[in-house]
Amino acid sequence: MGNTMGQMFRITTWGESHGDAVGVVVDGCPPRLSLDVSDIQRELDRRRPGQSEISTQRKEGDQAQILSGVFEGRTLGTPILIGVWNKDSRSRDYEHMRTKYRPSHADYTYDAKYGIRNWMGGGRASARETIGRVAAGAIAKKVLAQEFGTEIIGYVKQVWQLHAQVDPDTVTGEEVESNIVRCPDQDMAIRMIERIKQARKDGDSLGGVVECVARNVPVGLGEPVFDKLEADLGKSMLSLPACKGFEVGSGFGGTTMTGSEHNDPFYSEGGRIRTRTNNSGGIQGGISNGENIIIRAAFKPTATIMKAQETVDDEGNPTTLEGRGRHDPCVLPRAVPIVESMMALVLVDHALRQRGQTGEVRGW
Amino acid sequence: MGNTMGQMFRITTWGESHGDAVGVVVDGCPPRLSLDVSDIQRELDRRRPGQSEISTQRKEGDQAQILSGVFEGRTLGTPILIGVWNKDSRSRDYEHMRTKYRPSHADYTYDAKYGIRNWMGGGRASARETIGRVAAGAIAKKVLAQEFGTEIIGYVKQVWQLHAQVDPDTVTGEEVESNIVRCPDQDMAIRMIERIKQARKDGDSLGGVVECVARNVPVGLGEPVFDKLEADLGKSMLSLPACKGFEVGSGFGGTTMTGSEHNDPFYSEGGRIRTRTNNSGGIQGGISNGENIIIRAAFKPTATIMKAQETVDDEGNPTTLEGRGRHDPCVLPRAVPIVESMMALVLVDHALRQRGQTGEVRGW
Amino acid sequence: MGNTMGQMFRITTWGESHGDAVGVVVDGCPPRLSLDVSDIQRELDRRRPGQSEISTQRKEGDQAQILSGVFEGRTLGTPILIGVWNKDSRSRDYEHMRTKYRPSHADYTYDAKYGIRNWMGGGRASARETIGRVAAGAIAKKVLAQEFGTEIIGYVKQVWQLHAQVDPDTVTGEEVESNIVRCPDQDMAIRMIERIKQARKDGDSLGGVVECVARNVPVGLGEPVFDKLEADLGKSMLSLPACKGFEVGSGFGGTTMTGSEHNDPFYSEGGRIRTRTNNSGGIQGGISNGENIIIRAAFKPTATIMKAQETVDDEGNPTTLEGRGRHDPCVLPRAVPIVESMMALVLVDHALRQRGQTGEVRGW
Amino acid sequence: MGNTMGQMFRITTWGESHGDAVGVVVDGCPPRLSLDVSDIQRELDRRRPGQSEISTQRKEGDQAQILSGVFEGRTLGTPILIGVWNKDSRSRDYEHMRTKYRPSHADYTYDAKYGIRNWMGGGRASARETIGRVAAGAIAKKVLAQEFGTEIIGYVKQVWQLHAQVDPDTVTGEEVESNIVRCPDQDMAIRMIERIKQARKDGDSLGGVVECVARNVPVGLGEPVFDKLEADLGKSMLSLPACKGFEVGSGFGGTTMTGSEHNDPFYSEGGRIRTRTNNSGGIQGGISNGENIIIRAAFKPTATIMKAQETVDDEGNPTTLEGRGRHDPCVLPRAVPIVESMMALVLVDHALRQRGQTGEVRGW
């Protein structure tokens, strides 16, 4: 259970990291959307391992196949099945971990929950599961862009203790893609890259923060009470491997302000109601107000490190474990398209819900 | 839409702040649970306004009535309807805001979404909606305590820039309730109370952070992939009015550590697998590992302040607005039972899902 | 669990027959719909007991109260809570059945499922639960009529072995309401009434069939594969107490035809594609085709009879049981507004889903 | 939307009849169930075309592949993806129907709903979609048999006007499989086969009724109010292509009885509460009572016939259409494993819901 997300634009991901394939079923995509496998491949290429010198050297081509739901280049309104076959899975890299629980991984909890696990890699807990999310997210982005003009841009905001300065209102996708760490603050990007290389040398790993902005968002998305837009955005991010925190707008920082400092004054501009500041992060009362939606997701340092660590085996005997295989010392650069995908999926779902409920989506 | 939460233990809240009543329907509560209205009233009394000199002076008795689902003191397994009649609603306090959008409130977005709103108070966006959550949470807490021995304790961790020191592993409910700000760091509690009184005097408001711990949690709760335990906890907190951020375990702070510092080594203790540190916050791979679950929710300063603010009316004309009525300068103390309720609701729901799926809940 | 129906127009009923109240929460009703309590009361009055000499003589006024979701005569888009307080519940009528299982009632299965039941009446299995359905159905009918011009008319098609002749394409609501058995075949209505009176005299009960037609239905409602329109209609009817069968269009009778007899030829009329016959009952491939939707629901004879019956008590000891209290010898006339309500609820839900998914509802 | 069924044991089917593949994702299967692809293939072989002289001569091998969720022969508790590649799809058979709407098919309604359709075959409306259902049903049957000892047997009860005599309490799977029409009344089977051959010769088609029984069913399955067991069974059957009616227990026939004839008296046998008759069909108040569950599903005659028929093209112009290709003159024999699958899926889902809710499943 729990492998499905969304109500009107609903995705179900499937596949273990070292099984035959991974993928996604997308149910509820509007019909007649122009869709080509290249739309999906482009985003998968941003996510895949081995892109650069700072990511894992695993060579996973991750070629997407669309098996249903698209006919003569357009969506049918029926389920879209996208699969990626697993090819370069060296399960011998995992043999030594067959009975050992990797610290801060999901090995122990999967065993405790299910009484069984695929010990060859992380199974469903592997970041490989996010392939299905990114494939579905590529479709969601296309719906948002074509029908509503909404644009989503994510970037690395922080690596370890290195914080970038980025203006979410003006940053461009080109700036994000201009360096391998996907941080549009070019000076900080250089320092981040150096720090990640150092971590690899140390056999250690780093965490950080991805910030993501949605611009030109329709007004009125989000369902009070439990399905507030920030609640669904938060859930989607916190469902990502290694994500330990989420903020919208002023977030934790806003708690140190007073109300008179924090409130966003309204004003009118060309017949449209705007706010002078955006501490709300584009969402008020759980509903989008038309300002840019700005969120941040915190990712812990990758659990897989190349250093010896204390742990136990599946019978509780003390042992030590040293990581092998090919792993990212820092997942942040590859997390960017994943975070964008989650935001796109949530926004599309809420747009369709709003359209169904009220018959119109204001600002589109 | 969006007024329902949970899959196996499912609640639906209803009611506007200035309508006839507010309440909740709880569907899926296990049968034969001993339940009295006093179980619910106790928690509502911790939530209600007018408890102390630092909360709003509105006198809302908030007396709960159980209208269905309980027979001869025990739950029937059928929907439990709990209602609280609205009594002390001085809608004249709101008359001046009939057409003005309060900054950082939900007035504008509700109008934009629905084309109509109950301008007498916040409607569904009012904190009054949380009455239904707390009533349902009281039942959830009882299920957790009776069937599984799980205990949930929340407390104020931060008000404005004042940070408390609290040990989540040992804090008691009595310590939390020993002062009106619900902060078990007694020295800091005094400073917080002073700061809140100052804010009231200033006609301003404050935000802060509630931390909440669940102890003696069964192993195996949480559904990969999208319904990870932290994802559902995060969603539940971010669905609360004024919540702008969520963390589990090391949270945002953990992003500045390296993997070797952050990983939680496993060890064995009396046949049970434990972790030496708890940066994971009791959840690994989206599944509880039996350690204490520790989360934090960030609340922005209350939007309602007694100072004049720039805004517009519902036709976009510039105007100013000054808060009236009786409001909390800081919602944190009253947010404590609400945060506890959300955590209880998520844990019960996942416990029932796990029991259905595998037939057992380990560690209970 | 299981007390909720619908995805976009979602209702949750609550309340035991002999508890304090029964009712419904409607979530997802479009905003700004004009709605008065009299809209609901009108339908409840068609459902309530004691309407005529052939229904139960219990005097339940069944006065509806709207407690939320409506403001100044219009819906807010927020949950609508409707409650009816139980007044004339003579639980002493049930005392003798405290430990005896009434044959073909839900007494035994509730005990087996939950280990507890409200023995004062049927609890949730009572037809009294349908009050919430009819209240919600009244809203659904209004949405359908106002926004889409769709009209729903149900009537008694069969009582016991008495079959009426009714043309679903032309029957009017006035014809249905023109006699107390709600059968527009006036000659047959007289015979049905006589037969029901006889059954009452005998202390026995009768079943029958309600037929229901929806006219002026938008094209395109219904979601392949599992949520086909006939599947959701069927589920809704089979969720009614005493319903044992469901048909759409040609139904069971159509199984004796050949394909060349059964197929509905297409033709074109004024730019609209029509079918010459309507064996499909207005639905093809799970999707409405714009022709009249025609369904039939079979209701078994009421389980409560005034004759001595063999049964067991809750410890399995053999005993006999004789019905007391005031009961309908035939539920069919009162089932008419209930069947109409279920159809309305399903159609509205699918209309909103279709609108969300494709942005348009053809034929509206 | 609408391609998902179930709450705890949830399946999503995907694939068009003339796309690359069809299949299913099963989410919520209990972990550690022994599962081999042959378990699935066995049931698919009962469903596939070309089995006998009375079914279509299309040669679809329909070889299943399991791509995820199973590891070393046991289920992982993660999503199980099963796919069948489409091979023998002669889309040229459909070229002549590119713009013509086949009478009583879903061609027109899909176009009306989505504004697009895969005209090469029936797309999602094709019976080929049921491959995913049968694959998932094979797993569901295995769970029911292994964990609860429940057995499900379907058979052809009626073809056209030919009605078989079968005792649902004693019929065996071997009897069902002993002839190509899957009717255990051997004399009637011969007549049915002759009638089907005649229909093929005539270029015409036939409908009929499948009856299905579940034996050794746990007590307590089914969720009042809307998710009554018969409601979910009915929905599942009515979601099948060509199904126009559903009955449980006495069904439509029961409407002609009086209550005193219809009620099922309780008695006690070896500590177990039983009913002397089973007009209830094993379900009372929406909850299984431990007696055999007996349902019937009515299938209209197949819409595809080899005779010229009046219709229109997609611009509304009158035209005629004559079926080509290879089609079943009567789908009933192949519908048997499909009906069994739907029943198994509903029962497993309710068993897991009941286990989650109450912690026990009585009678297992």
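Going by the order they are written in, the chains are A, B, C and D; count residues from 1 in each one.
Assume a contact is a pair of C-beta atoms (placed from the backbone, for glycine too) under 8 Å apart; a residue touches a chain by one contact, two chains touch by 3 or more.
Small disclaimer: the values here were computed from a predicted structure and weren't measured.
Shared contact partners of chain A and chain D comprise B, C.
Each chain gets a centre from the mean of its Cα atoms; the one farthest from the centre of chain C is A.
Each chain gets one centre point, the mean of its Cα atoms, and the points for chain B and chain C are 39 Å apart. Centroid to centroid, with C-alpha atoms defining each point, chain A and chain C lie 45 Å apart. Averaged C-alpha coordinates give centres for chain A and chain B that are 26 Å from one another.
In chain A, the residues touching two or more other chains are 1-4, 8, 13, 28, 31, 77-78, 113-115, 124, 224, 353-354, 357-358. On chain A, the positions that touch chain D within their shared complex are 1-4, 8, 10, 12-16, 19-23, 25, 27-28, 31-32, 65-69, 71, 74-81, 83, 113-118, 123-124. Chain D makes touch with chain B in their complex at residues 7-8, 28, 30-31, 77-78, 224, 352-359. Within the complex formed with chain C, the residues of chain D that make contact are 1-5, 13, 101, 103-106, 108-110, 112-115, 122, 124-125, 129, 158, 160-161, 199, 202, 204-209, 219-220, 222-228, 230-239, 241, 243-252, 254-268, 271, 273, 275-276, 279-281, 283-290, 298-305, 307, 309-312, 316-318, 353-354, 357-358, 362.
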